[in-house]
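The following blocks contain the structures, represented as structure tokens.
The following pair of complexes shares a single chain, chain A, combined with chain B in the former and chain C in the latter.
Up next is the complex of A and B:
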């Protein structure tokens, strides 16, 4: 495809370019993330299809199945194109470090006789392949299943993939432009956090549409799809969907030009940014760390009163520190919390955040849904720990691993993530409900549910404990997809029970007691290695 | 060919506001093995990174074989071999794949690079793990791979940051022998290490760095001769333990 002459004309050294591209693709395919997830033997080439692409295919199939036969082609296309945009953005934000910029590049390539243009070209093509793979995963099922809609014809087979490609390229380019503008390397971490929050805002939009469906008691999905709110018509994906559904091409042509221009801009921006980092290692100035709450808590004899041993105190401290200081880990965790955050922000804004204890009402569904969504983040949060830069330090913890050590990990996740979130949420509830008992009861039950699920997840995920695994960064702890599905189902059941017992204090108290007893009876995974 | 292989003039490097190198100046001639010593945090690795072009110096001028290593002119980087203390290896590649990558990056003739690879693999006894993934190797095995990657293109200028880290006795011996042979063939070697007796045996000259400043730059034999117990270690200790580095500056010139 790319001859040596073409590459030379582009100012790229052919042989180093091909060697680098081959290396980058090999490493993408050989990522331990995938190898561990599939229990593959070392050295085997594992397709990322199982993990990232597999997940996207699953999301895509589920959405198509929900919409199939119930909505018109325009709404179907708008929904799928919007989801493509959202997940493409998310994939670039979360996986950018793995897919596009490896800090080892500077150490391996920086002092070799390779031009920055050659290296950045290989990286850009590698990133292009990654974007293409995700794009195909998000396009395949909507294209095939869309053919079965009432109002689609053969032109769908051309127009939908065209629109999907525009959305995929445009979104990926937009995300990459953000990186290019802000610089790559250390400053990129801050941007990742910003981008993760942008993702939360995007989810807010989708959530708003979703809750409108829930609220519409008389019509359901069909009515909502037939009469969507005006803002949906203003989405760029809705304009593209117009052409896909009607067989037009005007918006598609304009979209092609715009996404092409964005891709070109991203290409130039990335090349400039990469040229800077290709040669020069990011400055690693010494960072002074001021002891935080966890350090103070674990100093001296204090740790003895909180944890049975200093060993467990150390595990708590290591986990807490990973969650506090590792910007990359934070940006991986934020998307997992995005749905719950969206519900908690949106609910009060639309007046659907009523006290479940005040009586059964559809307005009281969202506060409980918030908690269900928070619970579903647990497997991801635990699994993400192995992506921390400090994960390699866990070998120190392995020889004396036990059930209490696994509990220390959970305590740290509670202390760093859930307790602060629950407290902030409790203040919000108090401000809204003007009912301190209701806010406290809600917060306590939410914590009990989180704790129970955390312990249960530990039995499956931490049964091969995340911090007891070999110290390979990014090593996942097993089939997280299965665990995540189980947690979603369990959280929904618990949320449903909570909703129905909430107005009855005696039943609510019994429910809380049951949660507490159940949590205490769960033995945390932690068999000695 | 320029008479000086490595020329560093007025090199100052700052991380933020903190200067870690202060007006460093030295040169290494062709055929010379120059030790570059200093306590932890003295600025040795930072010097090497700026010399190979991985860090942009805040001030100063660096030339390798008469060329700027940080420029897009690849001349300087073609002659450099560098072993960093971070390793500088892609962990997910096998040893053979990594060596092939490096050979491709240097655009080496395939037959010649194969011959050279075979020589180095035999020298560092890497036959048993040539097809293993690097992340599955021991520290010492990884260091052998890093050395092979630095040597595969027969560099004229070799910069080594703690090259003996993790190496066993036979590999360390092989490396020392190879360095002497390379220097005899005209290569310039800047050798950064904490193992002073090796520096004493291998290096023609030693530069001692303390707190980002050069406090001694002299032939190793002269430095040792001036020490009380005739060891480089006592010279090193005397020069780097004191708070009054400024007073000692130039004492061994």
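Up next is the complex of A and C:
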């Protein structure tokens, strides 16, 4: 740990710095699972942060297992370093508010005699610990399993972690610099959206890679890795992998300097942002609401003709507006929808998006898989709605929360997310299949499945009011894993049935009717006030 | 509430849980690192078992009969080529190397990557009969790989094949 003298020389107040750092670390490890990140059940022993680490370890070991024995050291290192960069960027983008910059800090610490330098240093060191934890989780398996490759030696044990540290620090710093350059706060929201879409594009690449591996009966992965396209050699991670595989150090040294400079730049940028935030915090805490939407939210009159009461109308508009405007919510939602979007983009590109109604062809699997992937996003979307920076205002919703309120939330999710996506997808299907009936039938059945599954999970995920919890690190992953697994299994079963009945109009009609009846017979959520 | 649960709910307990998980992952990773042979067994060439029909097809080709050949037939013939070096081969080799050149290039490259040493040597013999210069880059990459990670017994045949088809 840094000594008091060193901290003072750096212009940091030692005691406040240590107290803040201890508090931040404690909040990461304890506060989130007691009352914030999970469903606030004291009985749960596993914190969301632990689930995040477990998820990254799983991704890492699976990637290593797929590559082990199939590829050479250079490709092995390039792939693992690239995945480290992707997940580090994703972690910083998606959990930026909790990991690096929380305006609520200003209200707690701002009036105390703590300098901006002390405050930002504690935040940055806390962020550094988070980056280190993610980095270790993503580095452990490739470092040790890579030693088993035929073309690696003991130097791998030093060079790979070195390269991975460069990638982790460089990526995290790069993401932070993007925020710092764009101006943290309201102007940064657009950038977050862009960054989240970058994540989607990256997941698109992973999806394609995964598909390649599934079709590996013809040795596609080995052939691809033995003679990769030229652009892979131009990736920064490929340059580092060159040194890792060959025992060199030139690119590693250059990478160390560059990532170090980026980290220093990110530190300065964050410190400047913190100082600015400290000055303007009260103004930032105010919520900007469009007058028309505000009227509707408060009175419910705009939707009075659709919903039985103003209360449900207000909840519908509140949910709809949050889904439309809240950049943080959007950036949490986008990754959940990314896999379905990837499938819908890739399917037509690789010529495997045939009409399931035309017959039992393997080319017709992907359109239904897209639907399955969209359904599996439901738990995440509903869970994300439980978080809000203004969660303390949830008392306004709590007294009258019930099944009708939960249904209003579901309707808003349909109206803002699923219906537009299904319509756009339906247009795509019509353009591809030239079969309006097929496109309409697909869209209707997809909607029925989405509605049924949303009603089924709403008892668990909408049993309490939306916007009731502050977001915490790892919150989007851990607490809903059981529900997500169940939804995934159910979606796969429904997708399988759909695939088999699709070519038979009578059976398909019966399937649609069954879905409709099942959805109507499900008692929706909101039982617990 | 039991003591271990109380401890696990504390910040220190969470740190210890993370530490234990990373330690377990380290041990598991170390174990997996020793299983390279098991991982490689999944990608080894597993040519189809030679059937009487395939042998009949090979004999018909060798006898000069004009037959429609598709990729499935080529796969069977290639599998036979990899495992049986005593069969009549001249015309079968001609069919394998000229009937569908793209298939042939991909197929031998896969064997050179993932075959057993004996299978790789058989694939190199087939390349020698083809004298196909388009395979020079594949042979050069394969030679570089064999010189780095083996198997050593394939280095000389690969170098010889490269000289036969016109490479360095």
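One rule holds in what follows: the second predicted complex is superposed on the first by the 296 of 529 C-alpha atoms of A that agree within 3 Å, B and C clash if a C-alpha of one lies under 4 Å from a C-alpha of the other, contacts with A are read in each partner's own complex, and residues count from 1 in each chain.
In this text, a residue touches a chain if its C-beta (ideal position, glycine included) is under 8 Å from a C-beta of that chain, and two chains touch if they have at least 3 such contacts.
Just so it is clear, the structure is predicted and the values come from calculations on it, not from any experiment.
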item: Touched partner set for A:18, first chain B, second chain C, both or neither; value: first
item: Touching partner for A:26 - first (chain B), second (chain C), both, neither; value: both
item: Touched partner set for A:54, first chain B, second chain C, both or neither; value: second
item: Which of chain B and chain C A:151 touches, first, second, both or neither; value: second
item: Touching partner for A:456 - first (chain B), second (chain C), both, neither; value: neither
item: Which superposed partner A:111 touches (first chain B, second chain C, both, neither); value: first
item: Partner chain in contact with A:137 - chain B first, chain C second, else both or neither; value: second
item: Footprint overlap on chain A, comparing chain B with chain C; value: 26, 30
item: Chain B residues within the chain A interface of the complex; value: 15-16, 18, 49, 52-56, 69-70, 72, 74, 77-78, 80, 82, 84, 86-94, 97, 100-102, 104-107, 133, 135-136
item: Touch list for chain A against partner chain B, complex; value: 13, 15-16, 18-20, 22-23, 26-27, 30-32, 42-43, 102, 104, 106-116, 279-281, 283-286, 472
item: Residue ranges of chain A touching chain C (in the complex, touch as defined); value: 25-26, 29-30, 33-34, 45-47, 49-50, 53-54, 57, 61, 64-65, 68-70, 72, 133, 136-137, 140-141, 143-151, 218-219, 222-223, 226-227
item: Touching residues on chain C, where the partner in the complex is chain A; value: 5, 8-11, 14-15, 17-18, 21-22, 25-26, 28-30, 32-36, 39-40, 42-43, 106, 109-110, 113-114, 137, 141, 145, 148-150
